[in-house]
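In the two assemblies presented below, chain A is common to both, partnered first by chain B and then by chain C.
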Partner chain A sequence: MIEYLVFAAAFGLLLLGLHRKVIARVQLRPGPPVWQEILHALKFSFKSTWVPKTASATLYVGVVLIGIGIWSAALFVVLAGESILILFAIYMLHKIVEHGFGLSSGSPYGKFGGVRSVISAASEIPLFVTIAAIYFFTDSLLLRDIVAYQAVHGPLLLIAPPAAIAMYIVILSKLPYGPFSIVESKELVSGYKTEHFGVWRAGISVIDGTKTFVLLFAFVAIFIGAMPFWAALVIMTIVLVSLSFVCAVTPMLSPFDSVTVQGIVTLLMVGYAAVLWWVMP
Partner chain B sequence: MPDIGGDPLFVLEFGDILHYYTPYTITLFLLALIFTGLAIASRPERQIDIAFGGDAYYAKETTVSEMRFRRFMAIACGLATLGAMGSGDLFNFTLFVSLVGIANIGIVAAVKNRHVLDAAYEYGIVAMVATLPLFGGAALVVATTGTLAIPALAAGGFAVPLVAKAFLALGVIGEGMAPFYAAKAEMFRAPGAPYVIMCSLSSLLIFLRVVEIVITI
Partner chain C sequence: MKRTTITYGLAASALVIVAAWAALAASLIPLWAAETAMVIAFPVLVLFLGLWWRAPGGEEDIPFIGY
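This part shows the complex of A and B:
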C-alpha cells in the first residue's frame, strides 16, 4: 500500500516539476530542473517547523493530515475502480482543505487565499455535469464499469468529447501557474500556503503530488479506458504537457473573471447534459 | 438500494425509516465527523488586521462567550450534517439540511459586528426562503410516489417528477449558500477558523449528498 502512495506522490511531484519546466521553456526561460518539486518536498521536510502564535493550532496541523488522508483515499478509490462520485467528492472536499489552510493561520494572505478557494467553487460544478453526462452513457459511476464500457464501445473521449473537455478544464483549474490559479497567486504571497512552512509545507507538497497523479490517472481511466500502467503514465505526461502549454500562454485571470469563465463552462455543460437527457433512451 | 456511490456497507433500520451508508456516503460522513472533532478541539485563530492610516497591525481576540456560542453552533452544524449524510428518508434529509442552514446562520451571526451581522441576515433570508423548494420537493415526491424512502425510490418503478428533483437541488443550494456569504468582504472582519469552515464543509457535503439522491431516485 505505502509503495503506491510514495510512487504517486513522487511521480506527481515530477509531473509538477515538468509543468514548471515546460512553462519556462515556452516563455523562453531556462526554468528549474524537473525534479525541483521533489527537492522542495525533501528540503521542507528538514527545515525548522513551528506553529504561528496567531494560528488555530489544532486546525493548522490537522488540515495537513486531512489533505494527505483524502488524496490517499482518492488514490485507492481510483486503483480499486470504485465510484467516481467518491473521487469527485474528494476533489471538492479539497476546497475545504484549502479553506482550512488559509483560515487557520490568522494571516490575511492565507485568509484571502482561503476565501478565493471558496468563490472558485464554480470550477467544481462542471465536474458534476461531467459525471451526469458519463452516467447517461455508462449507466454506472463505478470506475471499473466505465472502463468495461469503453472496452466494448470505445473511449469516452470520442463518445462524449464535451465531458472530456470539461474535466480537462477542471484539472487545469487545479494546476499551479494556470489561468484559474487565483488561490495561490503572487499578490497573496503564496495564498493559502503562505503560513505553512517546514514539515507542514512538505505535507502540502505530498498533497499536491498525489492530487496531480490521481486527477490525471482518473482522466485517462475515465476517458480512454484500460491500458498497461506504463502507457497510462505516458499519456498522463502528454496530457500534463498540453496543460502546461495552456498555462504558459494564458495570463492568470482576476478572481471574478475566473469564476465567470468557469460559470460559462458550466452553462455549456448543463446544455450538453440536457441534450443528452433529451436524446438518450 | 442506491449503488452509484458503491455497494451498501451498512443499513440501520428505525422501523420503516432507514439509515444506510455506501462508500460514498461513509466518506462524507467521516469527513464531517473529523471536522466536527476539529471544531470541538480547536481554539479560534487570532486574526491579524491592519490599522488604517499607518503601519500598525494587531491580532483580534475572540471572547470566551462568543467562542462558546460559535463552537456550539459548529457542533450542531456538524451533527446535522452527519445526519444528512446517512439518511435514507427524503423528509429526514430535508430536515437535516434545514438544520444545517439554521446552524450556519448561528455561526455567522454570533459575531458582534454590524457588517458581519448584515451578511448573516442576508444569508438567513436566503436560507429561510430555500426551505420552501426544499420541503416542496419532498412533498412532491411523496405526493406522486407515495413514499419518501430513498432505497425504495432508487429501486425503480416510481416516476419522480423532474421538478421535484430540481426543487430538492435548489433548496440545498439555497441552504448551502453560507460559504458565499462567509466569503463576503464584510466577513474578513471576523475571525473564521475553525467555525466558518464548518459552514463551508456542511454546505459542500449536503450538496454532494443531494447530487447522489437526485441521480438515484
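This part shows the complex of A and C:
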C-alpha cells in the first residue's frame, strides 16, 4: 500500500515534468528534462528548513501534513472504487488547504494566492453538475458501479461528452501554467506556495504529484471505464499531453475572467443536466 | 526541532506503516483500517524523512511582508 502512494506521487511528478516539457516544445523552447519535478522534490527535501518568524507554525506545517493526507486518502478511494462524492469532497478540502498555505506564512504573496484559491473555487461548481449528469445515467456514484455501467453500455466519454469536457476543464484548472492557474501566477511569485521552502516545499511536491495522478486516474475510470493498469497509465499520459497543449497555447486569464469562463461552463452544464433530467426516464 | 525528536518521529511513522502493512497481510485488520493508518503515517514519514536528511543550519526569518 505504501508502494501505491510512492508510485502515485512519483508518476504524478513525472507527468508534471512531461507537462512542462510539452509546453516548452510547443513554445519552441528545449524545456527541462521530464524528471525535473522529481529532482525538484528531492532537492527541496535536502535544503535547510525553518519556519518564518511571521508564520503561524502550527498552520504552516499542519497544512502540508493535511495536504499529503487528503490526497493519499483520495488515492485509496479511487483504487477501492468508492463514491466519487468522497473524491470530490477531498477536492474541496484541497481548496481549504491551499487557503491555509497562503494565510499561514504572513507573506502578502501567499495571502493573495490563498485569496485567489477561494475565488477559483468557481472551478468546483462544474464538478458537481458533472456528478449530477453522471448519476442520471448510472444511478450510482460508486466508482465501481460507474465502471460496471460502462462495461455494459460503453464509455461515458461517448455517452455524456459534455460531462467529460466539464471535468477536463476542472483538471485543466488544477494544472500549473494553465489558463486558470491564477493561484500561483507569476505576479504573486509562487502564489500560496511562496513562503513554503525546503522540506515543506518537498511536501507540496508530493501533494501535487499525488493530486495529478488521482485526478487523471479518476477521469479515466469515470469516463472510459475498466482497463489494465498499464493502459490506464498510457491514457492518463495522453490526456495530460492534450492538457499541456491547451496550456501552451492559452494565456493565463485574469482572476475575474477565469471565474467568468468557469461560470459559463457551469451554466452550460446546468442546462445539460436539466435536459437530461427532462429526457431521461 | 531536535535531531532526536525527528529520529523518533521518523521511526514511529515508519513503524506504523510497516505494522499496518504486516497486519493487513496477516488479515488481522480490515483494508480500511490499514488505509487509515497509511493516510495518517505517510505525511508524517514524508516530512520527517526530509527533516532528518535536510542540510543543517537556518534560523527563522521575516519574509517580505509588504511596503
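Simple rule for what comes next: the second predicted complex is superposed on the first by the 281 of 281 C-alpha atoms of A that agree within 3 Å, B and C clash if a C-alpha of one lies under 4 Å from a C-alpha of the other, contacts with A are read in each partner's own complex, and residues count from 1 in each chain.
In this text, a residue touches a chain if its C-beta (ideal position, glycine included) is under 8 Å from a C-beta of that chain, and two chains touch if they have at least 3 such contacts.
Note that this is a predicted model, so its numbers are computed, not measured.
> In the superposed arrangement, which partner chain does A:G271 touch: chain B (first), chain C (second), both, or neither?
Touch partners of A:G271: none, neither chain B nor chain C.
> With both complexes superposed on chain A, which partner does A:P33 reach: first (chain B), second (chain C), both or neither?
The answer is neither, since A:P33 touches no partner chain.
> Return first, second, both or neither, reflecting whether A:I2 touches chain B, chain C, both chains, or no partner chain.
second
> Which partner chains sit in contact with A:A73 here, chain B, chain C, both or neither? Use first/second/both/neither.
In the superposition, A:A73 contacts both chain B and chain C.
> Touch test for A:V206: chain B only (first), chain C only (second), both, or neither?
second
> Looking at A:P108 after the superposition, I want to know if it touches chain B, chain C, both of them or none. Which is it: first, second, both, neither?
both
> Which partner chains sit in contact with A:K53 here, chain B, chain C, both or neither? Use first/second/both/neither.
both
> Which parts of chain A are in contact with chain B and also with chain C?
53-54, 66, 73, 105-108.
> For the complex, give me every residue of chain B touching chain A.
Interface residues on the chain B side: 3-6, 22-24, 27-28, 31, 34-35, 38, 41-50, 59, 179-180, 182-183, 187-188, 191-194, 196-197, 200-201, 204, 208, 211-212, 215.
> Spell out the part of chain A that touches chain B in their complex, as residue ranges.
Against chain B, the touching part of chain A is residues 53-59, 62-63, 66, 70, 73, 77, 82-83, 85-86, 89-90, 92-93, 95-96, 99-100, 103-108, 111, 114-115, 118-119, 121, 128, 131-132, 135, 140-142.
> Any idea which chain C residues touch chain A in the complex?
Interface residues on the chain C side: 17, 20-21, 24, 31, 34-35, 38-40, 42-44, 46-47, 49-51, 53-66.
> Given the complex with chain C, which residues does chain A contribute to the contact?
Checking each residue of chain A against chain C gives 1-2, 5, 44-54, 61, 64-69, 72-73, 76, 80, 105-109, 194-195, 198-200, 202-203, 206.
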